[in-house]
Amino acid sequence: MSLTLDQARTMIAATRAKGREMGLKPLSVVVLDAGGHVLAFEREDGASPGRFGIAQGKAYGAVMLGMSGSAQMARAEQQAYFMAAVNGVYGGQVVPVPGGILLRDAAGAVIGAMGVTGDTSDNDAEAGKAGAEAAGIAADI
Amino acid sequence: MSLTLDQARTMIAATRAKGREMGLKPLSVVVLDAGGHVLAFEREDGASPGRFGIAQGKAYGAVMLGMSGSAQMARAEQQAYFMAAVNGVYGGQVVPVPGGILLRDAAGAVIGAMGVTGDTSDNDAEAGKAGAEAAGIAADI
Amino acid sequence: MSLTLDQARTMIAATRAKGREMGLKPLSVVVLDAGGHVLAFEREDGASPGRFGIAQGKAYGAVMLGMSGSAQMARAEQQAYFMAAVNGVYGGQVVPVPGGILLRDAAGAVIGAMGVTGDTSDNDAEAGKAGAEAAGIAADI
Amino acid sequence: MSLTLDQARTMIAATRAKGREMGLKPLSVVVLDAGGHVLAFEREDGASPGRFGIAQGKAYGAVMLGMSGSAQMARAEQQAYFMAAVNGVYGGQVVPVPGGILLRDAAGAVIGAMGVTGDTSDNDAEAGKAGAEAAGIAADI
């Protein structure tokens, strides 16, 4: 199964709705496909201009390593030089903190990732998880 | 005046609708702000995975140089080494063909750019122009 | 509101004047617009040749993240790998220490940033804050 | 002799004044030292945001190669692949067209370069030459 643009749009809309419900700062949300390539992105008014790169970095590391943002953060806390090296390998595009969310199909295969940024990393991840669930897609935060 | 996310979403939806009306291949559409930073992006199902970069490259050159894709193409045809050099300056992010569309406010100031890719460059530009007009925004193709 | 070149020149002149008043080492001062692009820069005689990059890096991170140099430094001290990752995302252009100063309009919206370098980070920030105030622009250091 | 910041400021002010006198579009002007490092820069209101890079690229190639923009353009017209290769060597920072102006001391030694951009390349060069002359500095366009 591949993610469709409609699924990506549903996830972004639901993540943004959850952010408003939680009273978060303006969010930026990206959805990448199973190859780590951008399907859809939205940056809410008032977010800082560089948010695309942060959102993409959270999601890109998740897809490329097959590890959620939380799992990447745990590794970074244990072994910072490893995540720094991984970042070199992936051209500096990995941001190893919560808000990078692995998306899985019913069989558990990774079909892409979301990247959410704008509030605290934990709030970003919570909003994104709600967004994935709204599209009926299992998510590892 | 700054572009809002709602305006960007309107332009993307209208560009995609125009593409379907014209019978084009799957389109990918990005909207950048006046600083060249991504506001919103959508890639239609069936498009090749690298379309974000092409869309962004069309729009980024337009914002940074203040020249539409058609104007960039004319310069590239006259002086290929100049546009190659400009691309080096901007980190390889400039794609100097139609489909890079400058967006202007009522006073004529550049407020951002769209990048459209997927069909021929001229068709990409025509769909994008319709998209901008649907949001009431003047566009140089 | 967009920063004008005259405002940028006023901020640079006043920052330099404050530096002389404080007896600081030669300063280098950049002003970026709301998209992180250079509006104006001056490097005082006697400063080391690489100061443009440091000044730009202080200001660029501030604009792109919407965080002052002090706020970036606090995050770097808590979570060094996060700021290292952000730097990868932004092409190595982020210097997360004081002297990166967010500039805001009367409504609180970010309209650009200054980057000041040459003395201690705290002195750089103090001179820059005086420079912003001389132009009537609110500054987060 | 090294260029001073005051000389750089004089050259920029006089280049801008010449541009207004000639009725040119908004100009962006950089002055680099003999090592190719930025001394001062100004971008006039209404110029596109990416002008720093173009100005720097014109001036950087001039200093690094010891060739004015016109001389670089002649070489590019004869041997485009050579200038493309040079650009690779210098990290994509060379824009080989008029507006890159070598600055010389009384003995003929290169002491830096100006980069001027915003109007046609020939007009950029003419304004910059006037700017250098206003500071009493010999210039190769």
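A, B, C and D label the chains in the order they appear, each numbered from 1.
One rule holds in what follows: contacts are C-beta pairs under 8 Å (C-beta built on N, C-alpha and C of every residue); 3 or more make two chains touch, one makes a residue touch a chain.
Quantities reported herein were computed from a predicted structural model and do not represent experimental measurements.
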Would you say B-C or C-D is joined by more C-beta pairs in contact? C-D
Interface overlap for subunit A and subunit C, more than half of numbers shared or less than half: same or different? different
Centre-of-Cα separation between subunit D and subunit A, whole angstrom: 43
Separation of subunit A from subunit C, taking each centre as the mean of its C-alpha atoms, in whole Å: 30
When the C-alpha atoms of subunit C and subunit D are each averaged to a single point, how far apart are the two points in Å? 25
Where subunit B and subunit C are represented by their mean Cα positions, the distance between them in whole Å: 31
Multi-partner residues of subunit C (each touching 2 or more other chains): 33-37, 91
Between which chains is there touch? A-B, A-C, B-C, B-D, C-D
For the complex, give me every residue of subunit B touching subunit C. 33-37, 91
Which residues, counting only subunit A, touch subunit B once they are in their complex? 4-5, 8-9, 33, 35, 37-45, 49-50, 52
Which residues of subunit A touch subunit C in their complex? 47-50, 53-54, 56-57, 76-77, 80, 83-84, 87, 91-97
Residue ranges of subunit B touching subunit D (in the complex, touch as defined): 34-36, 63-67, 79-82, 84-92, 110
